[in-house]
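Consider the two complexes below, in which chain A is the common component and chain B and chain C are the respective partners.
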Partner chain A sequence: MGIRERLSGNEAAAIAMKQINPDVVAAFPITPSTEIPQYFSTFVSNGAVDTEFVAVESEHSAMSACVGAEAAGSRAMTATSANGLSYMWEMIYIASSLRLPIVMSLVNRAVSGPLNIHNDHSDAMGVRDSGWIMLFSENNQEAYDNLVMAHRIAENKDVLLPLMVCQDGFITSHSIENIELIEDNKVKEFVGTYKPEHYLLNDKEPIAIGPLDVQTYLFEHKFQQAEAMRNAKKVILEVAKDFEKMTGRKYSFFEEYKMEDAEIGIVCMNSTAGTTKTVVDSLREKGVKAGMVKIRVFRPFPADELPEALGNLKALAVMDKADSLNGAGGALFEDVTASMYTAKKQVPTVNYIYGIGGRDTTSKDIEEIYTALEDIAKTGNIDNPYRYVGLRK
Partner chain B sequence: MKDLIEIRWHGRGGQGAKTASLLLADAAFNTGKYIQGFPEYGPERMGAPITAYNRISNEPIRIHSNIYEPDYVVVVDDTLLESVNVTAGLKEDGAIVINTTKSKDEIKKLLPNYNGDIYTIDARKISIEALGKYFPNTPMLAAIVKVSGIMSDENFLQDMKGSFAHKFAKKPEVIEGNMKALELALQEIKKI
Partner chain C sequence: MSTNINKDTPASKMTIGGNIYEAGNALEFKTGDWRSIKPIYKSEKCTQCGLCFPVCPEDAIPVNKEGKREDFDFDYCKGCGVCAKVCPFNAIEMVNEE
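== the complex of A and B ==
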């Protein structure tokens, strides 16, 4: 029936890692994810896990150690944020191209500069094209649940891709909230034992990993990575179905909130989805047909499914917690509008950049967006689709 | 208790306002509530003004933003009354709880635009008496529990005994003093 607890998002991630009990964890501390390896290292010291904890000297080494561990045939995990992820950059691509199902807890924080330790999604958006599966989490519960599901998705032989579970730095990572944990033995059984097909420490099958890949092969290997990402969609749904059987908690590519008859809608990710739900509820009480779609699976992007959910709206706003600084809109906005165009769904759509560098996103900010959407739904007029909310004038 | 109670803490770095907010969340959790306890992280240093928050509800809490219209405000250090707008957004039917020895007139003068209830407590005196040291957060925790009526005194004390036993597992000698600080605070908090 689950265990009623109260934990911060970082504690929840560390507990999930304890229950998963991976072979190797390699990490370097960085705010706001520091607590995850900190808590985990106490589990190692106390003998609660039999993981090899590698206290590396940098994030580049953390990811390198994970790459080495996975290539050797073991299950490896790490955690980081912002500049830590930036410092991993080279190895992030190595991990995905070597098809190593490493699992990372990414506690989202603004990438410098200027230096800012607070939440936005610029770290995650920087690696959106790196070939990692990317799951986003509204709260501590989802950060925990996503980690429990992570290895089953990443290690599937039709996938074999690394996976990161994102949650909002400080907003959920440092907020104590209620959570329902799963019993240790159930998690262990659900995650299962890692049995890689090809690995370096298999003396019966000597292999090379990561040699030179020239004009004759790299294109095909990139195609295979893209195929794996497409395959991941089916696997993500299968794993979610098993997870629902175990916990009763339902997951998909995205969560639709009061969308059945919605006329105006917001697409967003992570903690802002919770705030948006409370605003949707208050608008519904006033008779406004508002709805929300929260993206859980950002990579692979649910380009086929999303237009079905959004296609009947009269106006749509996509919220990006990272500005792509391209003069043409944020990453989520571009993905959503591209999928709508391809599916021939014509909904007037605007983009809101919000919450940069930890700027608090309030109910009033969300109400402001829905008010603008009511106007767009009525008039069809969009003067400027590239907008900001919560920006000081 | 109302369906959702929102509390804002004002303290100075090092006084334990964040810890108090987490202990309050813990205590409310143990009575079956849904809770949030989170600090507003800034460039904290010892002595700098800090803010922490609590939401306590009978229903799951989904909102993830700071609290702008609290039901209650706790001021752990009364020098903040001069520099921080502690009553900003505070609901008129709510209350402010202040650690101070100032008189009613002095307090009123410092909160000219606030018409709601004011409670005061001398957390320094209680802390020195019970613990021999100045830790204002323990008495302030008891004060806000009493004023907000989140739980009964008995349930609160019983729960805190368990929390302290866990928190101070390595220095059990301080448990009794902390319990005494809570008990004294429950008695001495007064409306002015």
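== the complex of A and C ==
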């Protein structure tokens, strides 16, 4: 039986890191993830962990230190948000291409500008093609659970990719909710010891990491990364199975909420799923066959599994908390519709951009979307698939 | 493993991230074919003064046990011409690579 607690999302992430007790944490504070390295440095000072905490002068250095630490053969973690992630950008690609299973806690926030410190997903969407595994979390519990599962996925020899666990800035990171923690010893046993096959500090095997990769080789190395991302799907499910055995909490690529007989559905990520579930419940009471799919694993994208879950709907809305500013749809919308088209599943689908810059997304907003979906299901008419909710036009 | 990877190696046989699991591997990287001009060593003019080999950035001027320089190692000489520049006796002539 776990430990009942009440924690904010940031506290939950920091406690997961404490229980994981990585060799190195290199981080630079940035709102709204500041508290994670703050709490963690307290654990370091108190001797609760034996981690080497590197207080760097920038996020570029934070990720560089993680790259160096992980390449040396140690387990490295970091936390950041928004512009901090933007500043890491260059090293984000180095981490994944050098196949270093660094784990990051990303507390999602709008990338400036204009300057905004509140929640949307523009930071995460900016690195969606960088070769990191990306897990999204509805609440503090999921942010914690995803971090506990992270190293087992990232460090698997068929994967060896860095992984970021996302949670919504302020909405999740600063809200205190009930949580069930796992006992320290169980987490330690579950996560296990990091035993890299090749690493720089191995004096028995001097190696070179990150050499020049010319026209003859880079293509194949990128293919290897893509294969690793495909391999990650199997590993994510295996780790989830073991996690369920330990905690009873079940995880997959996505969560289907009342989808069995659903006629209208919403796809969303992170905390919005909580609001959407409430709306689904009230619509169900009125006899409306509404459902929801919450994406947990955004990278690798569940392109084969998602159309199975969504294919029988009469109307679908995909909610993006970041506008791709491409004159068309958001990133999640594009991925969902591409996977549906490829799987030959034809469902009338619309995109809703919402919650930009921390704009509150209420149950009323979600209801508005379901009402529009009911209309689409009835008439089949979509005037404009690229829509907004909660915006003053 | 590092020695066996070449332009025909499939992705499945390549190391991840281009890692090289062997020390001293720069020796296997023959950079001599980057050359557009090459140095010709004229031993009859050479006084073995010892000015050329310390300035070679590629260590491509072998020195024997007697401390005397020998002909260039063209596996690694990139033809930069620094040696020809420092030679006071015109014992190194730069010519176009054929």
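The definition used in the following text is that the second predicted complex is superposed on the first by the 392 of 393 C-alpha atoms of A that agree within 3 Å, B and C clash if a C-alpha of one lies under 4 Å from a C-alpha of the other, contacts with A are read in each partner's own complex, and residues count from 1 in each chain.
Simple rule for what comes next: a residue touches a chain if its C-beta (ideal position, glycine included) is under 8 Å from a C-beta of that chain, and two chains touch if they have at least 3 such contacts.
The structure displayed is predicted, hence computed values, not measured ones.
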item: Which superposed partner A:221 touches (first chain B, second chain C, both, neither); value: second
item: Touching partner for A:275 - first (chain B), second (chain C), both, neither; value: first
item: Touching partner for A:178 - first (chain B), second (chain C), both, neither; value: first
item: First, second, both or neither for A:145, with chain B first and chain C second; value: neither
item: Which of chain B and chain C A:6 touches, first, second, both or neither; value: first
item: First (chain B), second (chain C), both or neither touched by A:323; value: neither
item: First, second, both or neither for A:170, with chain B first and chain C second; value: first
item: Which of chain B and chain C A:361 touches, first, second, both or neither; value: first
item: Which of chain B and chain C A:120 touches, first, second, both or neither; value: neither
item: Common ground on chain A, meaning residues reached by chain C in one complex and by chain B in the other; value: none
item: In the complex, chain C residues that touch chain A; value: 5-7, 9-11, 14, 16-23, 25
item: Chain C-touching residues of chain A, taken from the complex the two chains share; value: 97-99, 160, 198, 205-211, 213, 216-217, 220-221, 223-224, 227-228
item: Parts of chain A lying in touch with chain B, wherever the complex brings them together; value: 6, 32, 117-118, 138-139, 168, 170-172, 174-178, 271-272, 274-275, 277-278, 360-363
item: In the complex with chain A, residue positions of chain B that touch it; value: 22, 25-26, 29, 34-39, 41, 60-66, 68
